[in-house]
Amino acid sequence: MGARISQKIAKTLIWTIALTVIIILMAIIVFILYNGLRVINWTFLTEIPREMGQQGGILSPIIGTLTVTVLAVVIAMPFGIGTAFYLAEYTRGGAVTRIIRFCTESLAGIPSIVYGLFGLIFFVTTLGLGWSILSGGLTVAIMILPTIIRTSEEAIRSVPNIYREVSFTLGATKWQTIRKAVTPSAVRGIANGIILSIGRCVAETAAVMLTAGTVLTMPESIFSSSRTMALHFYLLAMEGTAMDKAFGTSAVLIILIFFINVVANALVNRFVSKGH
Amino acid sequence: MKNFKEKLSGRVFLTLALFSILALAVITIFILVQGAPVIGKHGFAFIAGTSWSPGNGEFGILPMIIGSVAVTLGAAVIGVPIGICCAVFMAEFAPSLMRTIFRPAIQLLAGIPSVVYGFWGLLFVVPFISNHLGGLGLSILAGSVILSLMMLPTIISISEVSIIVLPSTYKDGALALGMTHWQTIRSVQLPAAKSGIVAAVILGLGRAVGETMAVIMVLGNATAIPSSVLEPVRTLTTNIGIEMGYAEGEHRQALFATGIILFVIIMILNISAQYITRNKSKSLKIK
Amino acid sequence: MGKNISFFKGFVSLALTCASVITATSCSSGGNIENGGTKSHVVVAGSTSVQPYMEVLAEEYVKFYPDSAVDVQGGGSSAGISAVGSGIADIGMSSRSLSESEVELYQFTTIAKDGLALIVHPENPVDNLTLEQIRDIYTGEITDWSQVSDQFEGDIFPITREEGSGTRSFFEEFVMDGQRITSKAIVQSTNGTIRTLVSGNARGNKQAIGFISLGVLELPGQNPVKGLQIGGVAPTTENLANGSYELFRPFLVVVGEEREESTHFIDFILSDTGQGLLEARGLVRIDGG
Amino acid sequence: MEKYKIEIKNFNFYFGEKQVIYNLNLKVQANRILSVFGPANSGTTTLLRSLNRLCELNPELRYEGEILLDGKSIFDSRESVTQLRRRVGMVFEVPTPLPMSIYENVSYGLRLGQGKSKAAIMEAVELSLKQAALWEEVKERLDAPAMSLSGGQQQRLCVARVLALKPEVVLIDRACSGLDPISTAKIEESMSQLKKEYTIIISPHNVQQAIRVSDRAAFLLMGHLVEEGTNDEMFTNPQDKRTSDYVTGRFG
């Protein structure tokens, strides 16, 4: 009899714990969207902040987030994907590749504040790039590089080896095999890895705080400093002087990240459902 | 012409790989070079020192290590059981409609910036602790709650997948033996999915250890060694976050040394994860 | 061609177009950094106490001189000074007087005087504390409100600023005079966060005490806080101007090597419009006008 | 004198330390179907994969001896591997269409930069699909994904894909192991027509297939060539006892 009772207890316990926790988690999003959506209007999205962000909109932080993210992805993508192809296709998985893979694994785990510290000293001061979108972009690029390498390499490795053999038997060279036989089935996995990295760039605060800087004015070029949305939200939330703008900024962030997930899922689902 | 393109592609991939490895090496070497002197000079005193006061040249980060460990352990104690419970719920109990709503929500929760959790904590968790449990509310408990919330989406989604991908024969076999659903989960499915769950937990812990901005909001950042869960504390990451703007000379090197210790903690987490997941097969004992 | 290859090409071309757009804009205006062309670009960094006022000054300055741009960063006084030293910033903001080594390295100009106010929650009955009492609270000597007042009790939660903050070093110099702030004190990185903590409505907030710039004492639309009298003297701009309230510190701007745009901006701060702006926001003018 | 397409002279093949093929001497007649049969891992697949140097994908292998194609060694560096593989096509055991449309699969080899015009490619695609007896079933849906075809159709697609390159030799590695009898019959029937234009070497799915399809046969056992000869010699009165035991199914 004991088993049946423990089954009932366990089931109700799991139901209650899981439901309450997931509801609480979703309540966070609802709470922020509820308070934030009221603030979002055309001027909020098209005006630059004034009075330390207490007035005006969040146009320059939006531009800051987009430019830092695009710059980071544009820099990290070729190197990340190139390395992944090199590791997956051109090396024999010897000691060297294992070491490289372990390093990328650990570097992917390093806290972003350490990247921020490195970026501050290396890019901002030593290379003299100053607080700028370029410094922020470079720092975030190095931060997402290990992740892009790892996800891309997994995607390339998941391509069945028989495709490569078929391509070779049809007289293709290695480069043609990579381009025509491997890439088509690996591209979805690679793109998914990149889109998740974009999500991480958008949500980043520690690594951009003292590399991209905290300036609220409109950046003229990648050499001018600009505060990203996530950082703007953090500073407003800490100051506590402009709560409505803080809610608005976080609501915009959540919506942006939601769209990033939608695009990532659209890619993965077609990939997973076919392979699953 | 064809083998020119052949050689070129090989070279291009090689150079891209070398650049990436160079970049990753530069950051690792830079951190080691900047941080090593402090560890060298202060040696054990750096890790065991209890007073951190850069103004007076005292660089003991034991309070920060204790802070990081306390907050991360607190987050694990709260987050891991609840995370696994939610994962089991999503994999085994949740009706499909609920699953289709919760799964994208959980994925979104994994993506939103951690400062949103910090903000939510500042508004609700900190006042709640202060009103009901005493103190100012900025405490290890507040940090642990926030970090556990942040870990949950990662733990839930990855653990759920590692349960779902289990071959259905495991479950059918156990049920065929007359086991109840809960017994099947506890003694068959969870042990079998153990490696996936462990990986998820390690990933979640890694994010908790590495979190900075959200915990600066709720921990109070005092440099004393806390004597209770309700006291303010400063972690290794918040120490860097608060002081890196104005750190100079030896103070800056001490922050890099803190980075090295974080690097070591993450490596330990990674290695232990690989170790646990490697001897997976031994652990599959049908109770 | 397979759909997914075109996706990959689409993705790559999209990224590359963005890159070219960014690099194009950067080259066109990147030039002005070096030869100080049409758009003068001044980077100001430093004390978070001075930052709100500097933001207002910068917004006003750009109205008068539309072809100039002023970037204002926070980070704390020492961060500002070190930023000028390493060339990342043109002007440093400090809410503390410079140390001997700094005085040799940089020229500084005082732009205003700002008081330091000790604040408690409005419901905290304590109105007046002496410097010694405040010092003992912050060294951890005094830990309970009952030790300083017979109408209130409960643990005292002292809140301080981070080490690089000018406000903190001024507090350490004038109030603590050499004694260390207890390591149990809560550390927050801006006036705003301290003010929010002290004015919060949870039980603990009512027992908190912090110090902020006088200019931020009254913030319309925010929870009120109570400024403590120091030895009977209330923290008001009048008492600050007439010298009876002794806790005040200079707001300085610090410059490394001479730069025409920097001095132009500093002259604007010292001009009547600049000083008027600062006075309107609770600071004491430096030109005594 | 019979014209030999491929001559294998004292060919030894090592996979790392393990030797897989021992001192093999074999002559392959042109425009004939040779089946190379034997129990599992007796070296049949390895031999086939040596003929188009596909084995070189694996670094830990060594070989000694000569393999001549039309009298010239396939291992001499002047002639590029890709050229060799266009002349010696291969069909794999498991049907493996590439993740593309039917048209792209069949024309894959032709679109590798030979500068062929679209029309020429289309013509080659049609011809090879007809040769593989698949044209009728797919001619309306050439753009459909290859994965949508049935197992038998996919295998015939793989055959068509090789024939599109107009190779001289076609290696078929246990082609119909997973197929239904009808598809197997279709492929075997197309094979016997193809031998007019191509030299075919097949490692048969089983002995019956060898008897049905090949002209000559060679029996490999644990990497050693036991016996080689015409179908009649090999399957009706084999000289070597081991061949007769294997052929009559006493061990398999």
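The chains carry the letters A, B, C and D, assigned in the order they are written, with residues numbered from 1 in each.
Quick note on the criterion: a contact is a pair of C-beta atoms (placed from the backbone, for glycine too) under 8 Å apart; a residue touches a chain by one contact, two chains touch by 3 or more.
Here the structure is a predicted model, which means the values were calculated and not measured.
*Asks:* What is the graph distance from chain A to chain C, where chains are linked when they touch?
*Replies:* The distance in steps between these two chains is 1.
*Asks:* By C-alpha centroid distance to the whole-protein centroid, which chain wins?
*Replies:* A
*Asks:* Using only Cα atoms to place each chain's centre, name the chain farthest from chain A.
*Replies:* With centres defined by C-alpha atoms, farthest from chain A sits D.
*Asks:* Looking only at C-beta pair counts, which chain-chain interface has the most contacts?
*Replies:* Comparing chain pairs, contacts are most numerous for A-B.
*Asks:* From the mean C-alpha coordinate of chain C to that of chain D, what's the distance rounded to whole Å?
*Replies:* 79
*Asks:* For chain A and chain B, what's the span in angstrom between their mean Cα positions?
*Replies:* Going by mean C-alpha positions, chain A sits 16 Å from chain B.
*Asks:* Using mean C-alpha positions as chain centres, tell me how far chain B is from chain D in Å, no decimals.
*Replies:* So the centre of chain B lies 54 Å away from the centre of chain D.
*Asks:* Could you tell me the distance, in whole angstrom, between the mean C-alpha positions of chain A and chain D?
*Replies:* 48
*Asks:* Name the residues of chain A that each touch 2 or more other chains.
*Replies:* Within chain A, residues 173, 184-185, 210, 238 contact more than one other chain.
*Asks:* Check each residue of chain B and list the ones that touch at least two other chains.
*Replies:* 2-3, 216, 245
*Asks:* What parts of chain C, by residue number, touch at least two of the other chains?
*Replies:* 2, 75, 188-189
*Asks:* Looking at the complex, which residues from chain C come into contact with chain A?
*Replies:* Interface residues on chain C, with respect to chain A: 2, 4-5, 7-8, 11-12, 15-16, 18-19, 22-23, 25-30, 33, 39, 41, 43, 45, 51-52, 55-56, 58-59, 69-75, 86-88, 188-190, 192-193, 195-196, 219, 222.
*Asks:* Give the list of chain A residues in touch with chain D in this complex.
*Replies:* It comes out as residues 92, 160, 162-173, 176, 180-181, 184-185.
*Asks:* With touch defined as at the start, can you tell me which chain D residues reach chain A in the complex?
*Replies:* It is residues 52, 54, 57, 59, 82-83, 85-86, 89-90, 92, 94, 96, 98-100, 108-109, 111-113, 158, 161-162, 165 of chain D that touch chain A.
*Asks:* Taking the touch rule as given, give the residues of chain A at its contact with chain B in the complex, in rising order.
*Replies:* Contacts found on chain A: 3-4, 6-7, 10-11, 13-15, 17-19, 21-22, 24-26, 28-29, 31-32, 78-83, 85-87, 89-90, 100, 103-107, 109-118, 120-122, 142, 145-146, 149, 173-175, 178, 199, 202-206, 209-210, 230, 233-234, 237-238, 246, 250, 253-254, 257-258, 260-261, 265.
*Asks:* Enumerate the contact residues on chain B facing chain C in the complex.
*Replies:* 51-56, 63, 126-128, 130-131, 134-138, 216, 220-224, 231-232, 234, 242-243, 245-248
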